[in-house]
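Shared between the two complexes below is chain A, which pairs with chain B and chain C, respectively.
Let's look at the complex of A and B:
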């Protein structure tokens, strides 16, 4: 019974890995092709989420807890990166100087 | 004592500027005069010792390198030493009256003393390195003296020219001397000569000979390197008299004479030295006829006389070497006096152009009398009071009397030598006559002169007068000179005592007398009909002169190097990068190919499908960046590559690297976005298809190289990795389970510290660049 569960886990992790990897490839298509920069930003953001998934799957596969920090970090960074890109696309600057001047 | 005396002028030279500054009322030359006079007297006292046995004075300088300040005193060096110090005394005396006190006398005497010291060093040194050192000192001080009036363009041009040519020769001579010393294993000239068989039998004999002779020929103004000497006439006349007639230009002669025991007897030496000597003799005397400047005539005359001495040294027979040494002495006397006379004429009339001079005989009788001795001695007029005739006739004798062994190379060329010698001497006769008669006889053209000429002050006449007296004394009583000066010198050159006596009269039926008569008559005829030949003289050599060649070569080097430099220093970073990466690719691939360094070991860990897909994603992203025309798109796609890399770190279980890579990638993307605000639209440079192809080849080549190196280094594990040590000892020694961190801060903490420094410097640099504007103020 236990062996069957392990086998199931192994195969499901492998299938998920491949599926997520293919989704990365498809996201790459969107990032390269565009056609607009917001499209690319969304592509990169979604790729960050898939990275979280991949890191978690690899952690299960390797049976380790060391990648948990990586997962959390990707979450934060993907958010910060997307915000920065969004702000840049909208205003052309990331850090405003207006307040310092007033 | 001699060790000190040779550098004594240098030491006194230190004082000269102070004397010039502090004692303005007395001409500095008076203080300087003591030095050469003292050396001259000391050398005279040495003659008696040296005549029996040459002296070797040793002084260690750099014994570990075999560079020692060793002096070798024999007849040849004593003769040259006496010439240098003796004429040096006279020239200093002459310069006291020639140069006005308003000139930069401090400079002048420093240079002159430096030269004197260098020249004495050249003739007495036994060590090749010390010899070379003094040799280059003469080039340097000659450069300074020629450019003494450095506000004139022609002085600077002449100084540069002489510097380039003589230093070129000096360097090649050094190469030849070092080569010979390596063959023999000693840096002493004396030892080199003793082991001459090693050198003459060496397979590299020819290059060694050529290199050394190149030095001698450039220094002694032999064809085709004579071209610097006429331009060196821009120097003050005492300098011309001293350096460019009596001493420095004879340094090359000295070198050939000194080494003739080494080379003599070989056909190469004979052919090159006597061939170029005779060529120089004819060319110099022909060119001298064309000149209109007194010093120009004298310069080319010096060239031709040096060629004659060189040719005789090349003949290598007893009589020829004797004649060469004799002529060295004679030439120094009459040429020195002639230069001084030319200087007087220049000083008194304000011009040296023979077309404006004439009829000075009545106004300057003493000068003219001095000139007549010098000129007739130079021309070789058969009078018993002219020493030039004695050596000139010995020259003819030597040209006729070559060793005539059947089948040797001597026999083939011997019949031509007397003819060439006579031709050279005819022109010598012609220009000598021009020199005298165009200056001192004919119509006086007072309107063309700046002031009414008259005989100079007595002080100016003393030096040339002493030399003229010497001309006559040597001619009338050659015996003592032969015994004390010439015979020891010839012994030093030949290695055996000569049996030559100097006679004025050889009897009727001998070839030299007839040759002298031919010269006399043809020369007179050519001189009298000179006006008819003028157009011939003016047409030849035309554009083929060595001056033009020199200018062409020097300008060509400047232009060529400019073109060459501009061809690759384009100022475009892109092309520099192409060159750098292209060379790495070519050299790397060639090394890999030639050393058969590629290795492939496929028994590595297999990879899974997800790894492959991530790698594919990265590759596709990387390639697509090249074709993107939008900056933000490019940076976002670059982010894909960075995140993919961190994912690879995850796959290969490196959590710390993955963390760092993620943060750095995000920050980098952020920074890029920050910069974009200030950047213009991304525009592709319009490049030609050839350039594009070249870029492609270079980048693909470099990529292939790095890939091959990566594969090879991964496939060939030659040594056991040391990582096991870290894994085992991380906890015991470092007290941590995270091996990566223990390595970073504990086992190899120094690297980390310096990386922190790098980050700090980068931060400060960014701060400085942003906060400070160009003027260096805080914004």
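Let's look at the complex of A and C:
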């Protein structure tokens, strides 16, 4: 019973790794090809989220808990980076002088 | 034109605390887990950068009064002081020690002097990162 569960876990992690990798490749296509800059920004943001999934699946495959910090870190960095890119696309400056007076 | 960023401001007010707590956790976890002063300082700088992104340079300068170049000097001074502190006990430079202590609330706690050196790394990383980014941002 335990061996069957372990084999099921192994194969499902393997299939998920391949699927997530394919989705990263498709997002890479959108990031390179995307007609406008917001397309590329959204492609990069979604690529960060799929990277989180990849890190979690690799953590399951390697049977370790040391990747949990990496997962949170990628999420925070992807959020900050996306906010910065969005501000740059919208306003042209990332850190402006005073929000309430401009 | 004055824009209204209600969603960004509300989200930042909540998320900054989560990032600061996570960076403090990374800083304290460095002895036994992945983490340490460097990545903790970078995450704290990330939280401060998120505040700067949302509110701009002026309002955050009123909130964070400590100049970041002073943080670099303070961090380096703390790191050197932990090295010099080992001379008091007639040990070689930068000798580290640790021990188990009984604290009032936390109970039996493992305290190491390497954490003091890590505080120096933490403050220096925050100071350097914020100095670089702010000196680029102010140059308009």
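Just so we're on the same page, the second predicted complex is superposed on the first by the 97 of 102 C-alpha atoms of A that agree within 3 Å, B and C clash if a C-alpha of one lies under 4 Å from a C-alpha of the other, contacts with A are read in each partner's own complex, and residues count from 1 in each chain.
Note that a contact is a pair of C-beta atoms (placed from the backbone, for glycine too) under 8 Å apart; a residue touches a chain by one contact, two chains touch by 3 or more.
As the structure is a computational prediction, the values presented were derived from the model and not from experiment.
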Touched chain A residues, chain B compared with chain C: B
Chain B versus chain C as contact partner of A:30, first or second or both or neither: neither
Which of chain B and chain C A:93 touches, first, second, both or neither: both
Touching partner for A:83 - first (chain B), second (chain C), both, neither: second
Which superposed partner A:54 touches (first chain B, second chain C, both, neither): first
Which superposed partner A:73 touches (first chain B, second chain C, both, neither): both
Chain B and chain C footprints on chain A, overlapping residues: 66, 69-70, 73, 77, 80, 84, 93-95
In the complex with chain C, residue positions of chain A that touch it: 66, 69-70, 72-73, 76-77, 79-80, 83-84, 87, 91, 93-102
Contact footprint of chain B on chain A as seen in their complex: 14, 17-18, 20-22, 24-25, 28, 31-32, 34, 37, 40-41, 43-44, 47-48, 51, 54-55, 58, 62, 64, 66-67, 69-70, 73-74, 77, 80-81, 84-85, 88-89, 92-95
In the complex with chain A, residue positions of chain C that touch it: 1-3, 5, 8, 15, 19, 22, 26, 29, 33-35, 39, 43, 46, 49-50, 52-59, 133-134, 137, 140
Contact footprint of chain A on chain B as seen in their complex: 608-610, 613-614, 616-617, 620-621, 624, 628, 630, 632-633, 636-637, 639-640, 643, 646-647, 650-651, 653, 655, 658-659, 662-663, 666, 669-670, 673-674, 676-677
